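Structure first, commentary second.
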Amino acid sequence: MPGVIVDCATYREGRRIDCAADFGRALQEARAEGHSFLWLGMYEPTQEEFDMVTSEFALHPLAVEDALNAHQRPKLEVYDDSLFVVLKPITYDVSADTVTASELMLFVGDSFVVTVRHGAASPLRAVRKRLEQQPRILRHGPTAVLYAVSDAVVDHYIDVAGELQLDLEELEAEVFSPDRGDTKNTAARIYAFKREVMEFRRATVPLADPMTRLQNPGVPFVHDHARPFFRDVDDHLTRANESVEGLDRLLSDILAAHLAQMGVRQNDDMRKISAWAALAAVPTLIAGVYGMNFHRMPELDWRYGYEAVLLVMVVIEVCLYRLFKRRGWL
Amino acid sequence: MPGVIVDCATYREGRRIDCAADFGRALQEARAEGHSFLWLGMYEPTQEEFDMVTSEFALHPLAVEDALNAHQRPKLEVYDDSLFVVLKPITYDVSADTVTASELMLFVGDSFVVTVRHGAASPLRAVRKRLEQQPRILRHGPTAVLYAVSDAVVDHYIDVAGELQLDLEELEAEVFSPDRGDTKNTAARIYAFKREVMEFRRATVPLADPMTRLQNPGVPFVHDHARPFFRDVDDHLTRANESVEGLDRLLSDILAAHLAQMGVRQNDDMRKISAWAALAAVPTLIAGVYGMNFHRMPELDWRYGYEAVLLVMVVIEVCLYRLFKRRGWL
Amino acid sequence: MPGVIVDCATYREGRRIDCAADFGRALQEARAEGHSFLWLGMYEPTQEEFDMVTSEFALHPLAVEDALNAHQRPKLEVYDDSLFVVLKPITYDVSADTVTASELMLFVGDSFVVTVRHGAASPLRAVRKRLEQQPRILRHGPTAVLYAVSDAVVDHYIDVAGELQLDLEELEAEVFSPDRGDTKNTAARIYAFKREVMEFRRATVPLADPMTRLQNPGVPFVHDHARPFFRDVDDHLTRANESVEGLDRLLSDILAAHLAQMGVRQNDDMRKISAWAALAAVPTLIAGVYGMNFHRMPELDWRYGYEAVLLVMVVIEVCLYRLFKRRGWL
Amino acid sequence: MPGVIVDCATYREGRRIDCAADFGRALQEARAEGHSFLWLGMYEPTQEEFDMVTSEFALHPLAVEDALNAHQRPKLEVYDDSLFVVLKPITYDVSADTVTASELMLFVGDSFVVTVRHGAASPLRAVRKRLEQQPRILRHGPTAVLYAVSDAVVDHYIDVAGELQLDLEELEAEVFSPDRGDTKNTAARIYAFKREVMEFRRATVPLADPMTRLQNPGVPFVHDHARPFFRDVDDHLTRANESVEGLDRLLSDILAAHLAQMGVRQNDDMRKISAWAALAAVPTLIAGVYGMNFHRMPELDWRYGYEAVLLVMVVIEVCLYRLFKRRGWL
Amino acid sequence: MPGVIVDCATYREGRRIDCAADFGRALQEARAEGHSFLWLGMYEPTQEEFDMVTSEFALHPLAVEDALNAHQRPKLEVYDDSLFVVLKPITYDVSADTVTASELMLFVGDSFVVTVRHGAASPLRAVRKRLEQQPRILRHGPTAVLYAVSDAVVDHYIDVAGELQLDLEELEAEVFSPDRGDTKNTAARIYAFKREVMEFRRATVPLADPMTRLQNPGVPFVHDHARPFFRDVDDHLTRANESVEGLDRLLSDILAAHLAQMGVRQNDDMRKISAWAALAAVPTLIAGVYGMNFHRMPELDWRYGYEAVLLVMVVIEVCLYRLFKRRGWL
C-alpha cells in the first residue's frame, strides 16, 4: 500500500508528525487530543486499497464510490461524518495549447483530511509544503487544508485563463492580419480553442456553488474564521470564470468576423481575377477582328498595320491596367 | 392478462415471494405485515387490463391516464395514496447513430410499487435481478425500487452521452479533415445530430426537478435514508445534462466553423479555376494575334516562326504555372 | 340579443335546465339554491349587449373592457367577485400551414360562469356537450367549467404541435434532399414557419403562470378537488411548450444548415461550370493555333492533318471529361 | 414663469379650479381641505425656474436633479414626501419610420401632482381633458393622475407596436418578393429597424418593474382602489413588450433568411451567367475550327458549307437554350 | 514614503486640516473627537509601504492583498473593522478609440477612508476638491467620500458610453455607405469595438451588486441618509450598463448586416463583371465567324462587308450595354 499513500502526517499545534505505519491509530490519537488532525494523501487508489480508509474514517459509501472514479463534477456534499469536496485542477500544455482537467477529492472531517488525487496535475505537494511553513494557519485544523488546496487550484485557473488570453491575441493577429498566410485552418483553430474553453469551464463553473456555500454559515466542519478565506477563493473563481466567459464570447465573435473577412477576400479575389480576364479578352477580340477574311479590309494593306494594331493593343492594356489599379481591382 | 403482467412478487425482509394469481390479496397481505411490499411490473397495458390495478391500488385517475399513454414528460406527482413518477430511458442505436426514448412509469405507495413500461428499452429486468441479490437495500421498501430504477436509467444516460461524444469526434474529423471527401451532407449530419441531442435532452432535462425534490424532505413515501441516494442520482443526471448541453453548443460552433470552412474552400477553388483559365487564355490570345490577316507580318515569314511561337507559348505557360504554384493558387 | 347569447343554462346537481329569457332571475335562483350555477355563453358581444351582464353579475369594469376587446394575452385576474381568465385557443389550417389564435374569456364566480368567445376557433360547444354527460364533474360547480375548457384548449395545443412537427419533417426533407428542386423559397418557408411558431407561443407561453397559480392554493373560487386537474392541464401545457420551443430551435438550426448547404451547392455548381468551360477552352485554343497564318506550318500540309487535329481535340475532350467525372466535378 | 408652467389647477371633489398666480398658497389650501389636490404642469423648466417648486413641494434634491435633465430611464422612486416617476412616451414618425422617446416626470405627493415634460411627444393635455370629464375618477386624488398618465403612455406603446408590426410586414414583402427590386439596402433597413426596436424597448422594458410595484401594496401615496388599474396598465405594457420582443426576434430571423436568400440568388445568377457564357463559347469554338488553315479541309469546299455551319451553330444554340431553360438555368 | 501618500487630511465638521507627518496620531485624534475622519490617499503602494497603514487602521489581510494587486473585479466586502470597495474607473482614448480600466480601492471605516489608486485614470483629486467645497456633505463622514468617489466614477461611465455611441454611429456610416471605400477592415473594426465594449462591461457589470447592497440597510459604516445617494449612483450605473449592452447587441447585428451586405455586393460585382464579359464575347464570336476559311462566304466579297460587320458589332454592343444598364447590371 505504500505506492498509493503519497503522504501521511498528523498536525499538532501546527507541527508535523509523520504517520506511523498504522494511520487508524494515528487518527484515534488525533481525535483524542482534540487540537490535532491527520492528513492522508492518496493517489488513484483502487477499491481494495481504499477499503481500510473507508471503514477507519467512516466515509459514506456514495462519496467513496465517487472518489474512486474519476470523471466527477466539482461539488460539495455534506454527509453526517464528513464533507466531500471534488475539485478539478487544470493543466495547460503550452506547446499544444491544450487544457486538461484532472481530479482532486477531499474528505474533510472533524479531525482528518483525506485527499485523493487522479491524473497528472496536482498542486498537493506544494500546498502541503507551504502550509507546513505556516503553523498559524495549520492550527485552524482540516478547514485550513481545504482552503489552501482550493486556493491553489483556483489561483492556477487564473494563470491558465491568462495563457488562454495570450492565445486569443495570437489568434486575433492571425485572423485580422492583412497578409492572408494560412487561413485554411483558421476555423478549425477557433473551434479547437472553443473546445479548450469548454473544458476549462466544465472544471470551474460548477465550483461556484460549493464556494458560495462554504463562505456562508450552515456547512458543518468549516471553521468560522475560515469563511472570509473562502469568500476570497470565490472571488478569484469568479474572476477566472468571467475572464473565460469573455473569451468564449470573443471566440464566437471572431468566428463571425472571420466569416465576414472571407466574404471580403472572396470579393477581392473575384475582382482581381476578372480584371485579368478583361486584360486578356480585349486583345483577343481585336486579333479576332483582324483575323476575319473579308476581301477588302483597308487596315490589312497598310504598311505598318500590324505594328499599329500591336501598339493599339498595348496601349489599351496599359490604360485598362491603370484603370483597374486605380479602382483597387488589381 | 399474463402477457401484460411481466413480473409480480412480494418482498418480505428482502426475500422474494412470487405472487399468487391474485395480486389484490398479495397486496393486502403485504400491507398487513408492515415490512413487506408488492412489486407489480406491467408492459403496455390497455385501459381494460389496467382497470383492476387502478381500483386495487387506489391510483388516481389522472395518473392512470398518463400511465396508459406514452408521450409523457419525465415528472414526479404526489397524490394522496401514492407517488407517480415518469422516467424516459434512452436507447442508442450504434449503427444508425440514433437516440430513442421509451417510457417507464412508477406508482410508489406505502407497500407497493407498480411499474409500467412502454417501448423497447427498459432496464427493469436487470434492475430487479440486481436488487434481489441485495436484500439489505430491498428492506428499505418501495423507495429502494424507485432509487434503483432511476439510478439505472440515469447511469445509462451517461453511457449514451459518452457515445454521442465519440460521434462528435468523428464529425469533427470529417469537418476539419484537409481532404474534402464528402462534404455534401455535412450540414445535414450536423443537423441530424442536433435532433438526437434534443431528443436526449427532452428525456433528461425535465427530470432534474423531480430528482431535486426527491432528495429534499417533503415528498411522502420516501425513506429518509434514501435521500443521499437520490442526491447521487441527481449528481449523475447533472453530469449527463452538462455533457450533452456542451455537445449541443459545440454542434452549433461546428456548423458555424463548417460555414467558414466552405467559404475558404470556395475561395481556393475559385482561384484554382481562374489560374487554369488564365493558362488557357494566354496562348489563345497569342494564336489570335498570328491569325490576323495583315499582309505584312514579319514573323509569319520567318523560317521557324511557327515553332518559335509554339515555344513562346510553352515557356509562358510554364512560367505562369510556376508563378501560380508558388502563390498557392494551384 | 339572441344572436349574442349562444347558450344559457343552469346546472343543478349536474343536470341542465335551460335558461328562461331572464338570466338575471336564473342567477338569483342558482345563488339561492347553493348547489347550482349558471353558465352563460356569448359570442363577440358589443359594449351595449354586454352591459346588462356586467351589472347583473357585478363584473369588474377593467375585466369587462378586456372581455369586449380581442387581442388580449392569456391571463388570470382575481377580482373581488369573480375570476377573469383569458385563453387563446388555436386553429391550424392544414392546407395553408397557418396557425391562428382566437380568444376565449371566462368570468368565474361563486355560482356562475360567463364565457365570451372571439374569432372562429372555439371548443366551447363540444366542451359543454361532454360536460353535460358527466354530471359527476359538473357538480364541482363553476370550477369544473374552467377546468374542462382549459383542458380542451390545451389538449388542442398538443394536437397542433404535432401537426407542426409533421411540417418540420417535410421541411427537413426539402432542405436536405439531394435533388435541389425548388430551393428558391426555402428561406422564406423557414421564416414563415418561425412566424407560425411565434404565434403559437404567444398563445401558450403566458398561460403557464395562470395554470401554476390555479394548481396552488390561494386563488378564490377554485374547488380544492380541482387542483390536481389544473396540475394535469399545466403538465400538458408544458409538454406543448417544450415541443414548440424545440421546434423553434430546430428551425434556427435548419436555417443555418440551409445556409451551409447553399455554400456547398454553390461550390459544386462553380466547379461544374468551370469544368464545362475548360472543355470548351481547350479545342478553342487548338483551333486558334492552327488558325495562325505562318507560311510554314508543317501540320497544315499533312494529308489528314485536319482529321488528325479533330481527333486530337476529341481525344483531349474525352480524357478531360473522364478526369473531371472521376474528381466529381461533373 | 408663465411659459414654463403649462397648466395649473386645483381639483376639489373632481371639479377644476384654476390656480391663482401663487401656487404655493393653492397647495396650502388643498392640503387644508383634505379632499383636494393641486396639479401643476411644467415644460422643460430650468434649475432656476424649478427652484420655487422644489422648496414649496419639499421635493428631494436627487429627484429634482433627474427631473431637470432629460435622458433618464423609466423608474419609480419613493421619497419621504413624494413618489417620483419617470415615463418615456414614444412618438412614431410614419414617414421616416422612426421611433423617438421623450420624457415625462411626475412628482406624486399627498395632495399634489407635479408633471414635468421634456421633448415633443406628450399626452398630458389630452389626459387632463379626459380626466376633467370624469370627476368620479378625479376624486381618487393624485393617484388618479398617475394612473391616467401612465395608461395613456402605455396605450400609445401598443399603437406604436402595431405600426412597427406593419413595417415588419412591408419588410417581409420586400425581402421575400420574387422580384429582387432594390435589395441593396435590405440589410441596412433591417438594421435600422432593429435600432428603432431597441429605442422602443429602452423606453418600455424598465417600466415593468415600477408598474409591478405600483400594483402591489407597499408603495405610499397610492390609493388602494387604484391597484387594479395599475395591474391593467402593467398588462398592457407586457403586451407591448411581448409584441416588440417578438419583432426583435423576427428581425434577427429575417436577417438570417435574407443572407440565405442572397446565397440562393447568387447561385441562380451564377448559373444564368454561365449558361449565357456557354451559349457564346460553342459557336466561337466551331468558328475557330473552320478558321484553321489546313490545306485540305473538305467542308470548306462544299457548296453550302458556310450556310451549313451557320445552321449547325443556330441549331446547337437553340438546343442548348432549351436545355438550360428546362433545367431552370435561364 | 512621501511619493506614495498622495494626500492626507483630517476633516472636522467639514473643514480640512492637513495631516501632520504621523497619520497614526491623526487617526487617533479623529477617533477621539467623534465627528472627524481621516482621508489618506495612496498611489500604487508596495507591500512594505502599505504595512504601516495596514496595522494602523487594522485592515484585513485579504483586503490588503487585493488592494496591492491590480486586476481585481469591482466588489464590496464587509470586514469587521471596515468596508473594502474596489472600483474600476475607465478612460477613453479618443484618438485610438480604446477603453482602459484602471483601479481604485477604498477602505471605509468608522473614522477613516483610505483610497488606493492603480493606473493612470483617477478622478480622486477632482472629487476631493469638490467635496472640500461642500462642507455640508463632508459632515456625513467617510460615507460621503465613498459616495462622491463612486458617483464620479459612474458618471464618467456614462460619458464614455456616450463616446462609444458616437463611434458606433461612425461605424454604421462606414458599413452602410453606398460607396464601398475601405471595407477590408470592417470586420476587424467591429471586432475591436466588441472588445472595447467587453472591457467596459467588465468594469461596470460587477459593480451593480455592491451598489444595490449599499442602498439597502444591512451594510455597516454606511450613513442612513446616504442610501438615496447610492440609489442614485446605482440608477446611473444601470443607465450606463443598459446603454453599453445595447451597443453590444447592435454590434452583433451590424456584423450580421455587414455579412449580408458583402453577399449583396459580391452578387452586384459578379453581375457587372459578367456583363462586361458578355460585351467582349459577342464581337469575338462574330469575328470568329468571319475568320472561317470557307471558299464561298458571300459576305466576304461584299464591297463594304467589313464595315458592315464592324457596324453590326458596334450596334450590338450599344444595345447590350443599354440592356444591361437598364437591368442595373452595369
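When the chains are written out, they are named A, B, C, D and E in that same order, and each has its own residue count from 1.
We adopt the following convention: a contact is a pair of C-beta atoms (placed from the backbone, for glycine too) under 8 Å apart; a residue touches a chain by one contact, two chains touch by 3 or more.
Since this is a predicted model, take the numbers as computed values, not measurements.
Asker: If each step moves to a chain the current one touches, what is the fewest number of steps from chain A to chain D?
Answerer: 2
Asker: What's the call on chain C versus chain D, same or different interface residues, using the half cut on shared numbers?
Answerer: The interface of chain C with chain D is built from mostly unshared positions.
Asker: Taking each chain's centre as the mean of its CA atoms, how far is chain B from chain D in angstrom?
Answerer: 42
Asker: What is the distance in Å between the mean C-alpha positions of chain A and chain C?
Answerer: About 42 Å separates the centre of chain A from that of chain C.
Asker: Measuring centre to centre with CA averages, how many angstrom lie between chain A and chain E?
Answerer: Each chain reduced to its C-alpha mean, chain A and chain E end up 26 Å apart.
Asker: Residues of chain E that touch two or more other chains: which are they?
Answerer: 256, 258-259, 263, 266, 270, 277, 281, 284, 288, 291-293, 297
Asker: Work through the pairs of chains, note which ones touch, and then classify the graph as line, ring, star, complete or other.
Answerer: Per interface graph, the chains form a ring.
Asker: Starting at chain A, then chain E, how do the chains run round the ring?
Answerer: Cyclic order starting at chain A, direction chain E: A, E, D, C, B.
Asker: Quick check on the complex: what are the chain A residues that touch chain E?
Answerer: Its residues touching chain E are 172, 176, 178, 228-229, 231-232, 235, 238-239, 242, 246, 249-250, 253-254, 256-261, 263-264, 266-268, 270-271, 274, 277-278, 281-282, 284-285, 288-289, 291-298.
Asker: Can you list the chain A residues touching chain B in their complex?
Answerer: Residue positions touching the partner: 60, 62, 66, 71-73, 75, 77, 79, 183-188, 190-191, 194-195, 198, 202, 206, 252, 255-256, 258-259, 262-263, 265-266, 269-270, 273, 276-277, 280-281, 283-284, 287-288, 290-293, 297, 299-306, 309-310.
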